[in-house]
Amino acid sequence: MSAGTAKIIPLQELAARVVDGSSLAVGGSFLHRGPFAFIRELIRQGRKNLELVKQSPGYDIDLLCRAGALARARAGIVAMEGNFGLAPWYRRAVETGQIRLEEHACATLTAGLRAAAAGVPFMPCGGIHGSDLPALNGWRAILDPYGSGQTVYLIPRIAPEFAVIHANEVSEEGDVRVYGTSHWDRILSRSAARVFVTADRIAPSASFRVQPELTLIPHFLVEAVSIVPNGAWPGSCWPSYEVDYAAIEAYLVDARDGLQAHLDAAPEGRNVAHA
Amino acid sequence: MSAGTAKIIPLQELAARVVDGSSLAVGGSFLHRGPFAFIRELIRQGRKNLELVKQSPGYDIDLLCRAGALARARAGIVAMEGNFGLAPWYRRAVETGQIRLEEHACATLTAGLRAAAAGVPFMPCGGIHGSDLPALNGWRAILDPYGSGQTVYLIPRIAPEFAVIHANEVSEEGDVRVYGTSHWDRILSRSAARVFVTADRIAPSASFRVQPELTLIPHFLVEAVSIVPNGAWPGSCWPSYEVDYAAIEAYLVDARDGLQAHLDAAPEGRNVAHA
Amino acid sequence: MRLPKAGMWRMPDWSAFSYIVTNLARFIRPHEITFSGVNSALPMLACLLAKRAYPFDFTYINVAGGVDPTPSKVPISSSDPLLAEGSRAIFANEDFYDLCTRGKMDLCFLGAAQIDGLGRTNVSCIGDWHSPKVRLPGGGGGAVMLPTARRAVTWRTEHSLRTLVETLDFVTAAGGMHGVVTPIAVFTKREGRLALASWHPEASLDEVRRRTGFDFEADGAGPTPPPTQLEANALATLDPEGQFQRDAAIRLR
Amino acid sequence: MRLPKAGMWRMPDWSAFSYIVTNLARFIRPHEITFSGVNSALPMLACLLAKRAYPFDFTYINVAGGVDPTPSKVPISSSDPLLAEGSRAIFANEDFYDLCTRGKMDLCFLGAAQIDGLGRTNVSCIGDWHSPKVRLPGGGGGAVMLPTARRAVTWRTEHSLRTLVETLDFVTAAGGMHGVVTPIAVFTKREGRLALASWHPEASLDEVRRRTGFDFEADGAGPTPPPTQLEANALATLDPEGQFQRDAAIRLR
């Protein structure tokens, strides 16, 4: 991707670039700084047969399962978190075989992404010994060829087609800044073939020049950006807004048209996304 | 290491913790933000038989060779840089067998350090095929057990006893902040058993609380810190000072007592280091 | 830990909630690095309690990237960015996992749905993995952190034959389990198996045996020492309205 | 690249310095990611020249972590932090190496002491590695970047039988060499071997053959097109006092 080209497009156009059947790595963790408006837009557009890749999905994966948009998931730990416990529609989707799960530890999923980021076919990962996960996933262990006597598991490369991150701020050119923890967003942005970003707001390019050390993802790794105020709703986006627990409680009510009602309640309207 | 304990000690005491024969990973790159006052202090204290680990050493490794303090080096590329070309005392030390070199590509040295940082015995590294380096170093390649058909080299773990970083600013508690590129300092600080830091100055802890995202190394990974203004001299420490090319030219003159004259010309005095 | 003489104990009102939080906190040791993760409100409270109640220093890091944070309030979600408030660094996910796998994480709190006598955990499923009766959250930190942390401690808000089992439905994680806390008991590992360290003053060795699915040693076990004033005060400060206690809704029986 | 008709060329004053910098710059393509590293003043100048002289956009990243920097002056050291001045991000060493090994680095400039007809390089030693006549800088980026970058280009300030050789003293790096620039010639890889693309207008095919240690094809080769006004102006802006040219001290012969 080249520098300086106008990368800021409406949310609908950004979501429209993800075709049915795509593998999508999603930023944030549980209820925090996830690109949730983008996920909702995928659902509005009726996307199907997606794969989600995320260490700790929750609201996002539950929403995709509820909408019937998901076919596969590679995940470490799945829950609504807060006091909401399990993700009900996700749970049902796995229990009924609606989606195929590849269960990871968060660190094994990360190892697979690191393999993609480093351009190697696998990545060693510590621990795992004694777990049933390797047998389940066909992970191979090898003896250290350098004689330490250690046996270590090799996690195969995980290379999502898309990574979608929600950021606090972006520059006009697509440089990405986040506040607080970056969760797993750094490695997602280095392992996916195409990186999409939604952001609460644009910040002056000059502010990025003053503190380039704060930039998590440089513009040339980013294909396109949408400005979506409150794009992480009903999750938090530190330090701007906290989790909207009432909205999640409402979402969890298993009512007819509950999903549509939730989508309609979302801050991003059809046009809000236009920057 | 625990939080909050007073970690700031004089440079002489910091250097005194490195015993003869230690393996030392050194921060910065070529003439830029290296812990050069610390290296000089090791020489003043007559340290011997050290191993240096660094992707791109130059002035530091040349100084250690000139002083006869070095026995082994694991390095990617060695030069004075600028317009100074090869590092003369290093070159002589290798050509005469005074030191034993393990020649790396910068990325293979990094792979070995990543193995240590991740607690695994080896790390795969892309490229390398067709080079004489694997045969030289006994690196093994394996076929991807997951059937991609790719063969990839595994670099054995490199775990230095010490990493020494020069930073722009530290907090009283030992949190580390640098400006501009971090070079390889992040991975050095995660792969060494003990992390030492020299810094140009102390910055208020409050400033770290305001922008914790700027902290490269959190206090609990740092064993001890010395405040050494101009500690990267004759190298640069962006944005505070540039390379002192005249001092390096003077250093390169092969005069009797030239080394001592250079050490005496260094900004850090015997007592400056006391914070 | 000095135990009061058995039988002498009177304290009708040590809630299961306080029992778990307090006993998790008691695993924290001076000058160590302790970690709390996602879905871990009780360990989060335990770490914050230890910072207030204990006369020693330790490094508390968490899944929100916080390093010895001073949150302005205690969040409901244990991965809330509030847990990095006041932190002088962000130590994000890749960093704390690497810290653990390279053997520098002293104490990790890790969740579990089922625990067996070897201290192995299942957080994956009830029933067969491929056609589960209940799909649980899944792997999380366990499979990598349990075997690589110097000590791992877990907790269970229900102490029963279906949570403390002889045979796990699935082995999600195995390895370095050091301690387990339930509403009525504290187990620590001894010669490779969980052994009873102490029981809730209102419970008894018999009750713990009756409600535990695996066999265990109990030599030297007795009633758990009650919360000190400092522990009680710290928890009161963290949960002034008792909201966390109500939300947790943990019962002894 | 359109070549002027052979023999017609008159331009007595195209310095070897300008020849190398300009022809390195001409390998840069629109909308690609181009990297310059340590010990690489000439490629650094080539990238900065291309930014000024060419009517297209590309991403210039460098070993100082700079991304499309706007340095207030051109540093002597090609790894000087000045090369991140005006950058909106710091893309540090681990990041640009990973970018290259995962196949997303379009063009890498990599140094060499010896180059063979296959475009392999030696930057390690003259003589036997274990008892070298000259110990050279060593591996650097080459062994990993040369085979993984989409295109790698190198340069040599001396064009002679000891720098362009039939047999390397040591193979430091092998793989994706795309082009080589010397004071008198530009080679590009064709069917796995370096082929002459063009020669300095003051040189000739004969001279290039005489001074090259390996055999090469030269079909379609001719005099190198002279610097455009934009290229000449850009270099003049970057080196107004000719300091870099003097320091480089490169001669055609």
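Labels for the chains are A, B, C and D, by order of writing; each one numbers its residues from 1.
By our rule, contacts are C-beta pairs under 8 Å (C-beta built on N, C-alpha and C of every residue); 3 or more make two chains touch, one makes a residue touch a chain.
Remember, it's a predicted structure, so these values are computed and weren't measured experimentally.
Asks: How many hops, at fewest, get you from subunit C to subunit D via touching chains?
Replies: So the least number of steps between the two chains is 2.
Asks: Spell out the chains that contact subunit A while also contacting subunit B.
Replies: Correct list: C, D.
Asks: Measuring centre to centre with C-alpha atoms, which chain is farthest from subunit D?
Replies: The chain farthest from subunit D, judged by C-alpha centres, is C.
Asks: What is the distance, in whole Å, between the centres of subunit A and subunit D, each centre taken as the mean of its C-alpha atoms?
Replies: The separation of the two C-alpha centroids amounts to 40 Å.
Asks: With chain centres taken as the means of their Cα atoms, state the distance from subunit B to subunit D in Å.
Replies: Between these chains, centre-to-centre, one finds 29 Å.
Asks: Quick one: which residues in subunit C touch 2 or more of the other chains?
Replies: 65, 84, 90, 100-102, 148
Asks: If a residue has to touch 2 or more other chains to count, which residues of subunit A qualify?
Replies: In subunit A, the residues touching two or more other chains are 118-120, 125-126, 180, 182, 212-213.
Asks: Spell out all pairs of chains that touch, sorted by label.
Replies: A-B, A-C, A-D, B-C, B-D
Asks: Residue numbers of subunit A touching subunit B in their complex, please.
Replies: Those in contact with subunit B are residues 115, 118-126, 140, 142, 144-146, 148, 150, 152, 154, 156-157, 178-180, 182, 211-214.
Asks: Help me check something: in the complex, which residues belonging to subunit D touch subunit B?
Replies: Those residues of subunit D that touch subunit B are 38-39, 41, 63-66, 76-82, 84, 90, 92-94, 97, 100-102, 120, 123-124, 129, 131-148, 170-175, 247.
Asks: Along subunit A, where are the residues that touch subunit D in the complex?
Replies: My answer: residues 1-5, 116-120, 171, 173, 175, 190, 205, 208-209, 212-213, 215, 217-220.
Asks: Considering the complex alone, what residue numbers of subunit D touch subunit A?
Replies: Its residues touching subunit A are 30-33, 57-59, 61, 65, 67-68, 84, 86-91, 95, 98-103, 148.
Asks: Touching residues of subunit A toward subunit C in the complex: what are they?
Replies: It comes out as residues 29-33, 55-56, 75-79, 81-83, 86, 90-91, 94-95, 97, 101, 103-108, 110, 125-133, 136, 180-184, 186-187, 236, 238-239, 242-243, 245.
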